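Paired with chain B in one complex and with chain C in the other, chain A is shared by the two complexes that follow.
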Partner chain A sequence: MTATDIAPPVDESTVVLPAVKEPTRWRPNTRGWAIRIAVIAALVIVLGVRLATLGGLWADHISQAVIFAIIGLSLNVILGYTGQVSLGHHAFVGLAAFVAAHHITERAGCLPEEGCQYAPMGGFAVAVGLAILSGIIASGLLGIVALRIKGLYLALITLTYGFFAVNSIFEIPSLTRGGAGMPAPRPKLLITDHRFMVFCLAALAVCLFIDWRFLASRIGRAVLAVKNSEAVAASYAVNVTAYKLMAFMLSGAFAGLAGALFAYRRQIVVSNDFRFESALLWVLMVVVGGLGKRTGVVIGSMFFALFPYLIDLVTPLSDFLANLDRDPEEFTLVIGPALALITMIISPGGIAEQIRPITNWLAGNRFTMHPDGGSHHKPSLLAKLRNRSAPAAEESS
Partner chain B sequence: MAVLEVRDMSIRFGGLQALENVSIDVPEWEIVGLIGPNGAGKTTLFNCIMGLYSPNSGKVAYRDHDISLLPTHRKVALGIGRTFQNIGLVKELTVLENYLLAQHARIGYGPFSGMFGMPNTWFAERRARASAMEVLDFLGLAHLAHSRLGGLPYGTLKLIEIGSVLATDPDVILLDEPSSGMGPDEAHSFGEQLLKLRQTLNLTVLMIEHHVPLVTAVCDYVYCMNFGQILTHGKPAEVASHPEVVAAYLGGEIEVDHPKEVEDATS
Partner chain C sequence: MRTPVVTFILAALIGLGLLFGAGVENGPNPFITLGVMNGFVYGLVALGLVLVYKGTRVFNFAQGEFGTLGAYFLFFFLTKGLPYWLGIVLAVAGTLVIGLGLERVVIRPLIEAPRINVLVATIAIALALIGIEILIARIEPRSLDSILPALDAAGDPAGITIFGLTIEPQRLIALGVFGGLGGLLAWFFSRTDLGLAVLATSQDSFATKVVGIGVPRMSRFIWGLSAALGAIAGILYVPLTGTLTPAVMTVNILIPAFTAAVIGGMTSLPGAFIGGTIIGVVQSVGGWAGGHFTLGEQTWNLIIPGVEQAMIFVVLLLVLLARPQGLLGKEA
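This part shows the complex of A and B:
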């Protein structure tokens, strides 16, 4: 065959390709669906009732866990989706927290020392918006740096960025009120810890939805392609610069929201809350949760946040720590690195990998470790062999 | 009219002149081959055309429009597809997801509607999945749609990559050693597939290829490069028997003072 005996180009309109169906997926039968829906409903009801009847103290703990989960999702965008390392996330969260607190007290004029108990609702909404914006800007600046610098050097830059923020921005008295801290009163609607917890949970739900659609849409695919190889991504018409910045800005938006919630949970923001240790712990909780897997990240982050309070429930452990004259919170910095080490050696996929059979099953797949839920039919070995040696099989039969 | 024109492309990496005044024409509906020994600058030329490298001098024109300064992703969106020597696919994604990625420019909804899950994005994704399945079926790969890339053989990956370039809706495709890793039989059937592709999709092809029987069977015109220059160009059979080309491949005496037309040597 040579090139010359080829017919001239065919008119495009005459080429009609038949519609092709995707390979069939495995799906549970009616009984399987019924059991799954029953289990999910039971989980939702039990959790809902438990959360609804929670006392004020534990509601506050859950709020902190939810804030950690949002921070985890924020870091997950950088660590899991762009494949870079951020060791300066305490700067983003801290900056946003101060911006939120500053707006309520100084701009919206709700000064606790002047007897202001409740923040105005409008001021609160604007404060949260400004906090998110500050997170986007701070993280976007880091994204611009990340356009030129990658890997270890970028990690180093985020580290210095964090230290720089702590030692410069967090020292501005008009923003942070020095060591005394900047008050951040809540609006009347969210004044109880329980209501605030519900607000935090709603914020987490929004973040999870955005994160889900981000990864499932062309945006997330482009970001994953850039992580894999910039040259290949560009060859698929992906604007590498824009998508890198977009990922960093999404991470900043989540960090900003978490910062605002952080401020209103304690109702006062002190610069001492945002130290390098917290940034390190946040990176560890994302690694333990499972890089790039939002379910695992949320569970890992919540575990790290609740760990000190869970220790208190175990009397022998809390007694042991009390004898050592140590805070349960300090113990997190001991157990966290140990967990991260175990994760990296034994199961790099983290908690997400460990619970994958359960999440697969709940999502309507088989109870399996397979990343795609094992839901797509694979040709059996026999079918494969038959396919390969089709002429020979015909002869023998 | 040439679909793709490269004029006097030169690039220098430190002391190495990787390309020197390379000019290539890729006319409409032709399969143009680019051969030459390792290190001749073939892949460098591809990278310069696509804008992954910025050449020191030279122009690239696509259908008479100068696109030398466009960024890579804009060139791809215009309709110039490109494959890589060592497989340009995203390993973390399934075959189908790679084909969705390839349709990035075509899907075209904004980042915010994507992140907030607007209804139009769901429909766009569904349409993209259907077109991805079309391309997969066209190449006879539909059964692999949900496979991860990890377990697939190299030759299959090469074919999948060509499919993913087709999913970018190209007008001209640049193939970087498409038959590497294929046996003679596979290479032959690949050649037939390429001709079929060109016939049904009206593609224009520029391809780097070492497999000489494939080049002679498929290509309409061949350029041979060595040491960053065009050694000679002409019809496949003429170039393959050209003494300088044989010398370049077998390592004989090489005299490349100035590029010669093939016609001079044969007549």
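This part shows the complex of A and C:
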């Protein structure tokens, strides 16, 4: 909101014709809704059946993709909603993973070397809660720093924090058991990869819901206002400190949840899993997905996670790589940054921008390539002429 | 002028440390010396960072990878049997060409974009370079020879010994190159028309266009120069550790170098040198103190993992919170 958005007072005497009542939002008719609902239902059924009949290996891949998607949502809160850059997210995710594993093995007393196969369900729930809490605390501390330090310098601080955490905190033997890794057995209910995948998908759904409510509510509008201009937001009585901290803590909560899932997916946490390359790649996958757009971020993150396995599906490509003695996973470090650069230079909106006509149509709008997205009805020329006396009102509709 | 004052205070502090450390058994003196010597390498990379920041107002996260790239080029040319000096020339030239290419393809289209986007773009460049290094050279470590052999004809370590630390010839060469390049850049920015044009571009690119200076030309110049500087730093540093692996400069040098540049104020060339020395000494002495600490009769053994990285984080945080414009910076 800037001051120019406020409509000037309309001088009653200059209004010659009564203002035309404009339809504020275009809505499809019954048939339109039916087609949309049918398409969504078909998508859900096809995806659901496909996921339900998935083998164990691909269920594990999908779990990894979902964890990446939650990490992407976490970074999206900082990158897309607050406009800052975090290059130390591997430290947040890693810390949460170690906290979750540490609780199961050392506190809840489920040691695999003593024959413990399944984690107790109560201990598992507490471990996930503690991991989320650790993410909130770590990210909240970063938020406090971010109150004073912004932009490039904050990015540098987060990068340094990541290096410090990996080399110092992740080397504390009682937390991480050094290089051998900390085991994190799953509870009996989630013991198969397939059930764990369903659990991850449920976690992603919860994150998406929270993210949606966060952005659509007063808090989200305040956070975006702070991103645009702290001074203007403060002058509209927005509590800059509180909303900034809130955004960072939400990001930390997602990162903590992702860390816990990370730990239980592999059932062991090794400090070598969390390298700065992964944190940088995570930033890039959010850029490719589309900053601030949760659908795009989820798709982009999943693509980055599944990329090596997708290469394996294309036989000529995987044969070519096998001949070269190269692992498909190594290509992610080249293709990922290249995609990010192409996105930034050619289409800064990312995947979200590319699929917007489709997502808009599914959400009950017109199918249009117009950048406005067709959510607002274009005023007719006649309506424009009639409302000429109040031009600002129509633009801010 | 603040520069001579800060330099004098720093030199006096290091001198005092050496003086007090002289009587201590297992004392800090070799660590202080090592810290100063490491500081020069940090300063060398920090020079490249300061150069890009002065010219374009962005942090170049790819600066470290330019160094690794230069070292790999040198390794490649040496395995082809070329003489060392020719290898260096070709390696710097190769990195320069890649720097210019990246500027044309990535940086130029983003010239009007927000600075944070350019930052993310340099991160992408660094990651892509690391990925290409891994694909072509694999993760296996390789060894890169020094310019002058580290052992003399009799098999003893060459170089000079100060406070119980033998300083290899390679470090002395690095020191000389660092001093020379720093002086050259300082002269370039303060005394030449081209240097002033570069500074003007970074301050107000529209006004610079109006007076007839080509902004793309300046951008090309800055990125080419910084790539060459990065390559020189890599060629000088990698033989010191002896092992060449992908991302070695980004992992080992980039963060201390950034911290050095920030301490110095991000825009100050002497600041890069002073910041590098401070970071080198703090890191090295911190490592010594974190390992064991003797005072009089008592000895404390504290083994803190990763104390060097922790020191950098603490120093950077304190500097940015207390004095964001750095010691010698002209603006935040």
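Convention: the second predicted complex is superposed on the first by the 354 of 397 C-alpha atoms of A that agree within 3 Å, B and C clash if a C-alpha of one lies under 4 Å from a C-alpha of the other, contacts with A are read in each partner's own complex, and residues count from 1 in each chain.
The definition used in the following text is that contacts are C-beta pairs under 8 Å (C-beta built on N, C-alpha and C of every residue); 3 or more make two chains touch, one makes a residue touch a chain.
Everything numeric in this text was worked out from a predicted model, so none of it was measured.
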| item | value |
| --- | --- |
| Chain B versus chain C as contact partner of A:153, first or second or both or neither | second |
| First (chain B), second (chain C), both or neither touched by A:39 | neither |
| First, second, both or neither for A:202, with chain B first and chain C second | neither |
| First (chain B), second (chain C), both or neither touched by A:334 | second |
| First (chain B), second (chain C), both or neither touched by A:141 | neither |
| First, second, both or neither for A:125, with chain B first and chain C second | neither |
| First (chain B), second (chain C), both or neither touched by A:363 | neither |
| Chain B versus chain C as contact partner of A:83, first or second or both or neither | second |
| Touching both chain C and chain B, counted on chain A across the two superposed complexes | none |
| Residues of chain A that touch chain C when the two form their complex | 83, 85, 87, 145, 148-149, 151-153, 155-157, 159-161, 163-164, 166-168, 171-172, 276-277, 280-281, 283-284, 287, 326, 330-334, 336-338, 340-341, 344-345, 348 |
| Interface residues, chain B side, partner chain A - complex | 29, 31, 47, 50-52, 71-74, 76-77, 81-82, 84, 88-94, 96-97, 100-105, 107, 109, 111, 114-117, 121, 125, 129-130, 133-134, 136-138, 142-143, 145-146, 148, 164-165, 168, 191-192, 195, 198-200, 202, 217-220 |
| Chain A contact footprint on chain C (complex, rising order) | 58-59, 105-106, 109-110, 113, 115-117, 119-121, 123-128, 130-132, 134-135, 247, 250-251, 255, 258-259, 262, 304-310, 312-313, 316-317, 320-321, 324 |
| Residues on chain A engaged by chain B in the complex (per definition of touch) | 1-3, 6-7, 9-10, 12, 15, 17-23, 209-210, 212-214, 216-219, 221-222, 224-225, 228-229, 231-232, 234-240, 246, 250, 371-372, 376, 379 |
